[in-house]
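Heads up, the thing below is written out as structure tokens.
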Amino acid sequence: MSVRLGVELGKLAVANPIMAASGTFGYGLDLLEFCPPERLGAVVTKGLSPKPRRGSPTPRIVETAAGMINAIGLQNIGVEAFCIEALPVLRQRGAVVAVNVFGERMEEYVEVIERCEREEGIAAYELNVSCPNVTAGGIEFGHDPAQLERLTRMGRAATRRVLWVKLSPNAPDLVGTARAAVDGGADGLTLINTLRAMAIDAEKRRPVLARGCGGLSGPAIKPIALRMVWEVHRALPSVPLVGIGGVETGRDVVEFLLAGASAVQVGTAIFRDPAAPLHILGELERFCAEHGIAEVRELVGALEWH
Amino acid sequence: MIARRDLAVCVAARTDLSPTCFRLTLTAEGPVEAVPGQFGMLSCVEGFDPFLRRAFSLAGVSQRRGSTEVEFLIKEVGKGTTLLRHATPGSELRLLAPLGNGFSLDPGAHRLALVAGGIGLPPVLFAAEVLAGRETRFDLYLGAANVAELLEVERCGKAAAAVGGEAVLTTDDGSRGEHAFVTTALARRLSQGRVYDRVLACGPTPMLAALTELAREHALETELSLEEPMACGVGVCLGCVVELADGRYVPTCKEGPVFPAARLAARWWP
Amino acid sequence: MSVRLGVELGKLAVANPIMAASGTFGYGLDLLEFCPPERLGAVVTKGLSPKPRRGSPTPRIVETAAGMINAIGLQNIGVEAFCIEALPVLRQRGAVVAVNVFGERMEEYVEVIERCEREEGIAAYELNVSCPNVTAGGIEFGHDPAQLERLTRMGRAATRRVLWVKLSPNAPDLVGTARAAVDGGADGLTLINTLRAMAIDAEKRRPVLARGCGGLSGPAIKPIALRMVWEVHRALPSVPLVGIGGVETGRDVVEFLLAGASAVQVGTAIFRDPAAPLHILGELERFCAEHGIAEVRELVGALEWH
Amino acid sequence: MIARRDLAVCVAARTDLSPTCFRLTLTAEGPVEAVPGQFGMLSCVEGFDPFLRRAFSLAGVSQRRGSTEVEFLIKEVGKGTTLLRHATPGSELRLLAPLGNGFSLDPGAHRLALVAGGIGLPPVLFAAEVLAGRETRFDLYLGAANVAELLEVERCGKAAAAVGGEAVLTTDDGSRGEHAFVTTALARRLSQGRVYDRVLACGPTPMLAALTELAREHALETELSLEEPMACGVGVCLGCVVELADGRYVPTCKEGPVFPAARLAARWWP
């Protein structure tokens, strides 16, 4: 049985629901021989800021039970270098590109978008207002609905392309921030970013990470991510959602789709398997074929409550 | 660049080398190429515990008929390495390799110094055996805490002897070889006028720091193989960065793990 | 080297910092041959309500990556049966007993405490305002600082015994709720309860649990729990904290103590090993001996920031 | 009550019984006692993946000199059972056992019916072999999807024969024994006038439901061994509850897993 993999996220139709998550796939070109970006529904870039960022001191990562904590601090090459070095190749390969946008001030988000607007080949922007690893900016916008609405509105004014807001699981009011982003003009929401977390070195009596805290990702957080996707989907059933958090298998994808996501992003799983997004896509296809699901999109929001 | 692959490998043998270290031999189908200093990311287990693959320097890669033997020397320090120490021969693991950049083994070299501290030996041994095959002269300095932790002494001696080089053994407690740090043994020979084109080294950070000092003093080109905690091994997570002299953070897995000592930020040395 | 294991939680001194967590050790008497309650710093009872509760329909539990989700719905025998059947035995054995108190209305919390006040042998009350598995009561008190302060004040008025409030990791404002509990008269805070989470059955297209959502526990949540303990400790350094969440080893205990907890509770680990609390205590003692730590209490809050 | 213990057990043997099922034999030091219907919580792995122990009914417990052999029949359905199927002989696991309450095997019984569906066999087989030793008469009804999934047929036959009982085999596809559900085979004999003191059964829920109907019809005392997802196995998590006729939820692990069918809530039967 052949399965139709395409899904729609509002006005953006993608060939399949598997995307590479921001910060776990570089700028889309580092793993060409394992996972060509054009075979994915979309690739989301590492968070880009107007200027290159050095990022946080080391150690930046630590393994935890079924997951890891990172505090990279949004090291990136800056939007200019991205547009010149990576984007043309991505475009040429036919990849669907979503740019993850980051700024310390609201104006910086707009700067990144404006620079990108001068280029072809960008399908969407994903506002990263939820990175727990920077002190200035970012996180506050994601926690305060009023600020988030304002930021989204500014982003909205800067582009007619698809605009997603990536929600923070650490926000005091998840549904409130989701609503604010939609009110501000977001076309869709991606969730979740990492959960604020900490690891301690019992010998050294210090946090393992140089920054003290970081963001938890991986299968450990999947049950929380699923719950949040479901919560937001229930509150805002018509808003396209992209689910993220611990996706490792095709079955995980089915779960996120049932909960209300129209697509998923694969993050940390790529570190364990550089071809993870493709392997997961294959598993999803097989699951559908075995279960008589002709179109993946049937699954979206198809969870039955008791 | 040699093509990276995510290989299905099979545990061929595990051999204890010391109270803490063992040799793990894996077989991969088909040819695998790599240069000394490169490493692989090895899955220790199916499932999520431990969650990430582990980085290990390649200690040797030998082509067999239709397959390749890949060798690691591993120190048991935690969950993953303990699982590997008890891996059942015949069981399957995954190995993403070869990764990163190796040592400069340019053929024109007159004489090289290879320096290994403890479990820093694997890339150095790999280099030694490759150089021995190419008839490039080198001395190999191998240091360890004590005689029990001096690994693969015979192979080291044999490789050095093959090109008329010296294999210098040192132990911190004097239980074998010179009673000195490996860097002290090197320093002594340098001040006695021995001349090297380049030093290639891997070992604990204090050793690498001492070596950098020495290299600066003697204006010796030095390449160091570094270790940083790694998640992906391929440059996408940016977890493993090291600070360069120009202030940039670069991923050790991709731009290293071998770096010219002069490129590294001074404050990298604690 | 002999290690002094005793710690103080404000006015309550306990013989060691290892307690059995609420809901994972019954009423303290189910695992006598594996883990005699009197050998622990304290045992916390399953949440007790004025009347027996039937709890939620099944399925109630599901395994997740390095953890599990539960939706037991506070099934319990009621405070009366506890006082008559379990407490006398606990008292006779010399166990230090903390009663986990639950009610659907604020008055019910007071009822439970008042019934317990008629008995000897209870060292502390732990107000469970953070159970994500009941619709009425409970969870709201834990999320709204004003209500929580009021509830704590009512509890405070009902007893001179030690009073802890168990914080919810799902609360919008962790430190705010912590402060409210202390302002209301709590002697200490226990944290964290489980994180709201969900598992989905991809075949059946339904939530795995009958209640849909439940609470995530186990090693998966340890990095989040550690961060929360540290956050509350930093904000309220003089308030005694009891750390909970994924404790499986003596080293985990050291981490929680460093982060600012004066004691820890062992929960889900007991399901994997009925003697877990004792094994963990042994590991803690060995860790201290090997690291020249003469008194466990030295570790409390001894984390060095960078 | 027989003392529960958390035993260090050693994998002695694994034997495939069918495409999906295998026998796992474990050795524990010293004596272990248990009655048929009791179960154990077995750790499938060191580490956290899978996270919880798995519940398995005891299929047999045999005292050896200084040690005990504990037997399980296991169907491979997921992560934990797959790990067990591939456990290396000699490796160590932990087994918390015996847990729960077993079948009523009172010696005075005239004739019992033992009914097993698929992987419901283990407690029934244990009961059969114990009853055979006690010379209590029983018939054993064993049903499966097809001939390949009929487990331990010889042992079943031998146990029943030892006390002059019948071993009735049924398959859903008629590939061996009667072409019927196991409950139909039992119903037939009951309506032919065969009389039992009690039915002891374990198997899939639809089978147990059919059996309950049958028991009600024939006013037959019936004990069912139930399965519910379990975390602790000892009554402290309250995850495994089953609803009783009086409306209470009781932990299957502690008050069961064997329950008189009459004690269970009607709505337990889907």
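Read from first to last, the chains carry the letters A, B, C and D; within each, the first residue is number 1.
Just so it is clear, a residue touches a chain if its C-beta (ideal position, glycine included) is under 8 Å from a C-beta of that chain, and two chains touch if they have at least 3 such contacts.
Being a predicted model, the structure only gives us computed values, none of them experimental.
Work out which chains are contact partners of both chain A and chain B.
C, D
Please work out which of B-C and C-D is bridged by more C-beta pairs in contact, and write that pair.
Looking at B-C and C-D side by side, C-D shows more C-beta contacts.
Using mean CA coordinates as chain centres, what's the chain C-chain D distance in Å?
Result: the chain centres lie 36 Å from each other.
Nearest whole angstrom, what separates the Cα centre of chain B from the Cα centre of chain D?
54
What is the distance, in whole Å, between the centres of chain B and chain C, each centre taken as the mean of its C-alpha atoms?
47
Got the chain B residues that touch at least 2 other chains?
48-50, in rising order.
Specify, in ascending order, the residues of chain A that touch 2 or more different other chains.
Each of 64-67, 218-219 in chain A touches at least two other chains.
Would you identify the shape of the chain contact graph, picking one of line, ring, star, complete or other?
Topology of touching chains reads as complete, every chain touching all others.
Quick check: in the complex, which residue numbers of chain C touch chain A?
Chain C residues touching chain A: 64-67, 69, 172-173, 195-200, 202-207, 210, 212-213, 216, 218-224, 226-227, 230, 246, 251, 254-255, 258-259, 287, 291, 302-306.
Any idea which chain B residues touch chain D in the complex?
Residues in contact with chain D: 45, 47-50, 79, 88.
Using the touch definition up top, name the residues of chain D that touch chain C in the complex.
Against chain C, chain D makes touches at 3-6, 43, 48-53, 94, 96, 228-242, 247-249.
State the interface residues of chain A toward chain D in the complex, per the touch definition above.
65-66
So in the complex, the part of chain D that touches chain A is made up of which residues?
48-49
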